[in-house]
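Next up: the structures, one after another.
Next come two complexes, and both contain chain A; in the first it sits with chain B, in the second with chain C.
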Partner chain A sequence: MTVRVIDKHGVRKLVEKLQQEAKVVAPHRREGRDQWSFQEVTDPDLICLEYTTSCLPPKEFAFPPRETLLRYQREPEFAAEAVIQSEPIILFGVHPCDIYALESLDIAYCADHGDPNWIARRQQMRLVGVDCIPDEWCFCAAMGTATVDSGYDLFLNNLGDGSYLVEVGTEAGEEMLEGIELREASAEEIAHVKKRLTQRVKQERKINDETRNLPLHFSGKAQSEVWEKHAERCYSCGTCVLVCPTCYCFDVVDEVALTLKEGTRERIWDGCMLESFAEVASGENFREERAQRLRHRHFRKYAYLFTKYGRPFCCGCGRCVRQCLVHIDPVAIINDLIAESKGGVSRGA
Partner chain B sequence: MALELCQCDMESDLYVPRPAQVVAVEPQTPMETLVRFKFPDGADLGHKPGQFVQIFIPGIGEAPISVCSAPNAECTFDLTVRKLGDVTGALHRLQPGDTVGIRGPFGNGFDMEALQGYDLVIVGGGIGLVPLRSVIQYVADHRADYANVHLLYGFKSPVEQMYVDELAQWQADCDMDVRLTIDKPHDAWDGHVGVITTLFPDLTIVPPRTYALVVGPPIMYQFVITECRLKGLADDHIIMSLERRMRCGVGKCGHCQINSKYVCMDGPVFTFSDVKHLWEAI
Partner chain C sequence: MKPRVAVFSFTCCEGCSLTILECENELLDVLNLVTFVRWREAMTETSDDIDIAFVDGSISTHDDVRKIKQIREMAKLVIPIGACAYNAGLNSLKNRYGMAQVKEMVYGEDGAQFDTIPARPVSAVVPVDFALPGCPIDKDEFLRTVRDLALGKTPKLPDSPVCAECKRQGNVCVFTKGMKCMGPVARGGCGALCPSFGDYCEACRGFVDNPNENSHKETLAEYGLTAAEVMNYFSLFNSYDKSQI
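Moving on to the complex of A and B:
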């Protein structure tokens, strides 16, 4: 297959075409700030494809912060029905790390019992990836997520002049391109993209071992001083969980209509860094201390789920450390653990 | 689309409770009440001893509760709940004829077939006896399949004793060695006094052919497990059922996680050898 290029005009045409077919969501700059958020496209010119990282990951379009799972009536007799809402949606301009995260949650939400709400939304979702601009916090290369080879229908590689080299990931991606003017890529353009991708994996923020060895460095580290050292500054605010593309824990709450005759059950995002998360009915809290919660979160991402599903449940986007009030840094934590494994002295966060 | 999404069977009714009707309410103590349920269409819950359900009180909420009865011909199932929160408080107000929602059964339950032919030491502390009642009833129903059965049950004071008639019946009619103890002396009690571990010295067990089934408050486990090990029981012969907060019951919401284990999927029944290396377990 020839490698093709879509120019600035073509990208606009593509977005307009996709808008006819589905709700299109893309990164937009927040007014007056160097911050980006995924929003429904109203004017294709407002899309910003060159961005570092969005504040919130696009996870919310498959797993909303709050969603109805169930509708029920109490009278005349109890009856309940599932609420599974989904609509055709296209995420346009998603970075490799976030694509990796969505695929990770596909694995988790399909394992054992297939979560109907997640699956219904993801089945109606198409995805156009775009390569990213690293910032001072991200560490995708350390997680092996600087590039992805699946999880997208189309992928756009920036050629620097407003045009993009197009990779087609699926048949749906090929269909997206029908009627859009493309041209063949030149050898220089292909070389340019290859060079860019090679640079991408040479990030400064590194972990001091191979990604696949992460679970080994967590093994036997439950009592490590690393946890207390880093948790000492933690406010238990839960921001790290809120902004994480691979966190998928939730709480369930009941909403009753004022008539008391009917109601809904809603799930809302929840997080293991919050104090009440592991509390049981008798009042016992199995992770009462900040360090216990920090430890659990990191064990979960780099050891438990890694071992269970064969990939780190961290995409290296750096949102947790970027948005943390005190910048508690998983890279520093991991490198401290690695230093401990190697018997070295930890040099601080 | 990711491979997982194409191959995965979506369970549309994963979070939908089935209506079940209250057929009987039997208060046990001032704090604990037993409620018996039946599905209107007569369907069996299809549970194993030690499994739990998510019970939904419309308008109040949902809570994970152990099924405390063995499967039976009437296709009823019992839940015994302590009045603690909103849902359990509402459960205490249920009357025969009321309808609730049930999801499940969930969890692994006790492997009763694997225990066949063995002596059983069943140790219940307080409301820890609740999930064990499903095991005891099951053993009573299949008494010939099991060898010696000891039941040790400890509670704070006489008024907190649950299943009074059944305990007498298990002792008298089911060839079970039932031993009760209360924590502190009480005027209305002439039986054994002392925490549950004080029942162990008089107990004679043959370790290779004995399994201990232990359920109680978190503080109890380390003491009872120590007693079991002192009696010579191997770690994989000590079986327990653990409690955690749960929201989904199907391995998604994350609340019940003990290290890498999900209590709702991998448990709630674990052997001590399963969990002894998990620092969050007990």
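Moving on to the complex of A and C:
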């Protein structure tokens, strides 16, 4: 198959065409230094495809921060009805790390029992990927997520002049391109993209061992001093878990209406770094200390779920360390653990 | 029998009482759950037969001390509402000065005639059963509390910080806009109201149960604040210190 190129005009046409079919969300610039978020497209000119990372990952469109799971009435007799709100949606401009993360959540939300709300939204979701601009915090290469070969319908590789080399991932992706003017890519253009992707995989922020060995370095490290060291300035504010594209924990609360006649059951983003997360009804808290919570989060990402699902539950996007006010860094933590395994001193991240 | 509710005000702007009055779309439902029997901002009737006393304002005169003790005797539940009643809020800023100096600063020579004592939260004078923080209180939190009490449930304050709520709101961190914020240590429950509307958090709901205050002092200093400015951020709503009483 020939490799094709879509130019700036074609990208605009593509977005306009997709807007006829579904709600389209794409990265937009926000107020603040280097801040972007996925927002519904109103004017294709406002889309910003060249961005480092979005504040919240695109998981919010399949797993919103707050959603109703159930509506119920208490009178005249109790009745309840499950609520699944979903609509056709196209995520336009998703980075490889975030595509990897969505696939990870597909695994987590379908492995033991299917989560109907997640599944309904993912079934109505189409995805156009775009290659990324790394910044000083991301470490996708260390997680093996600098490039992906599945999880998208279309993928756009930037050629630098507003045009993109187009990869088609699915039949739905091919349909998206119908009626859009494309041209054949030159050998130079293909080489240009290949070269950039090769460089991407050699990113600077590295862990000092192979990714597949990560769970080994967590083995026997529950009492390591690493946790106290890195938790010293931790706020337990929950930012790292709430902005994490592979975190999927939630709290469930019943909200009875003031009339006391009806109510809803809501699920809200929650996470293991928040102090009340491991508190049980008797008031006991299984992870009272910040260091215990930090340890748990990292064991989940690089040991428990890695072992369970055979892949790190971290996509290396770096949102956690970037948005952490004190920049608690998983790469530094992992390298400290690796150094401990090797009986040496860490060279840091 | 519906619980009989009273609202009392001490040293404050009575904005928290007003917040209850402003629950215009919900007041009729609230009246199905409780009966208001005493509330100077809203009604002329009065009563000493009270189940739940909501109290806004700090205790800052000898007369306040006497009255809040009376209220404690009368009511089955005493629930401070708003920063002034919850942790003495802004009022406690005066506690770092001498009381004679405070009177002089505000009223000049005429100040001598007024009775004032260091401001304290309601809980420093009488035992309380629950408390709603905030300047002013969050309307929805008040309504949930009334509902929970009517259902016989124990109401609970959220313990996660404002940072967590900013993330759930999809807000951009105000530090990236050049502002300084108390969000990492401030008790949430307001839905990150101020950062959601372009401002920063001043921790009007007090701090979470275990704030990492030292870390935040360092962070604010790293973002360019002087030691005195850091203390101003910390003390605006949270300067009440028992040792000053």
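Criterion: the second predicted complex is superposed on the first by the 342 of 349 C-alpha atoms of A that agree within 3 Å, B and C clash if a C-alpha of one lies under 4 Å from a C-alpha of the other, contacts with A are read in each partner's own complex, and residues count from 1 in each chain.
What we mean here is this: a residue touches a chain if its C-beta (ideal position, glycine included) is under 8 Å from a C-beta of that chain, and two chains touch if they have at least 3 such contacts.
Computed from a prediction, not measured in an experiment: that's the story for all the values here.
In the superposition on chain A, A:35 contacts chain C only, with no contact to chain B. Of the two partner chains placed by the overlay, only chain C lies in contact with A:236; chain B stays clear of it. By the touch criterion defined above, A:44 reaches neither chain B nor chain C. Legend: residue contacts after superposition of the two complexes on their common chain; A:144 is shown touching neither chain B nor chain C.
Greater residue coverage of chain A by touch, when chain B is weighed against chain C, goes to B. Of the two partner chains placed by the overlay, chain B and chain C both lie in contact with A:260.
In the superposed model, A:282 lies in contact with chain B only, and not with chain C.
Using the contact criterion defined above for the overlaid structures, shared-chain residue A:269 touches chain C, although it does not reach chain B.
Comparing the two complexes, residues 256, 260 of chain A contact chain B in one case and chain C in the other.
Touching chain C in their complex are the following residues of chain A: 30-35, 37, 55-56, 60, 65-66, 232-239, 242-243, 255-260, 268-269, 274-276, 290, 323, 325-326.
Listing the residues of chain B that touch chain A in their complex gives 1-2, 4-5, 7-17, 19, 56, 58-63, 82, 84-85, 88, 99-101, 217-218, 243-245, 247-248, 250-255, 257-260, 265, 279-280. Partner chain A is touched in their complex by these residues of chain C: 26, 29-30, 32-33, 143-144, 146-147, 150-151, 158-161, 163-164, 167-177, 183-185, 208-212, 215-216, 218-219. Of all residues in chain A, those touching chain B in their complex are 69-70, 72-74, 77-82, 84, 102-103, 106-116, 119-120, 122-123, 150-151, 170, 172, 222-223, 248-254, 256, 260, 263, 265, 267, 270, 272, 277-282, 284, 286-287, 292, 296, 299-300, 303-304, 307-308.
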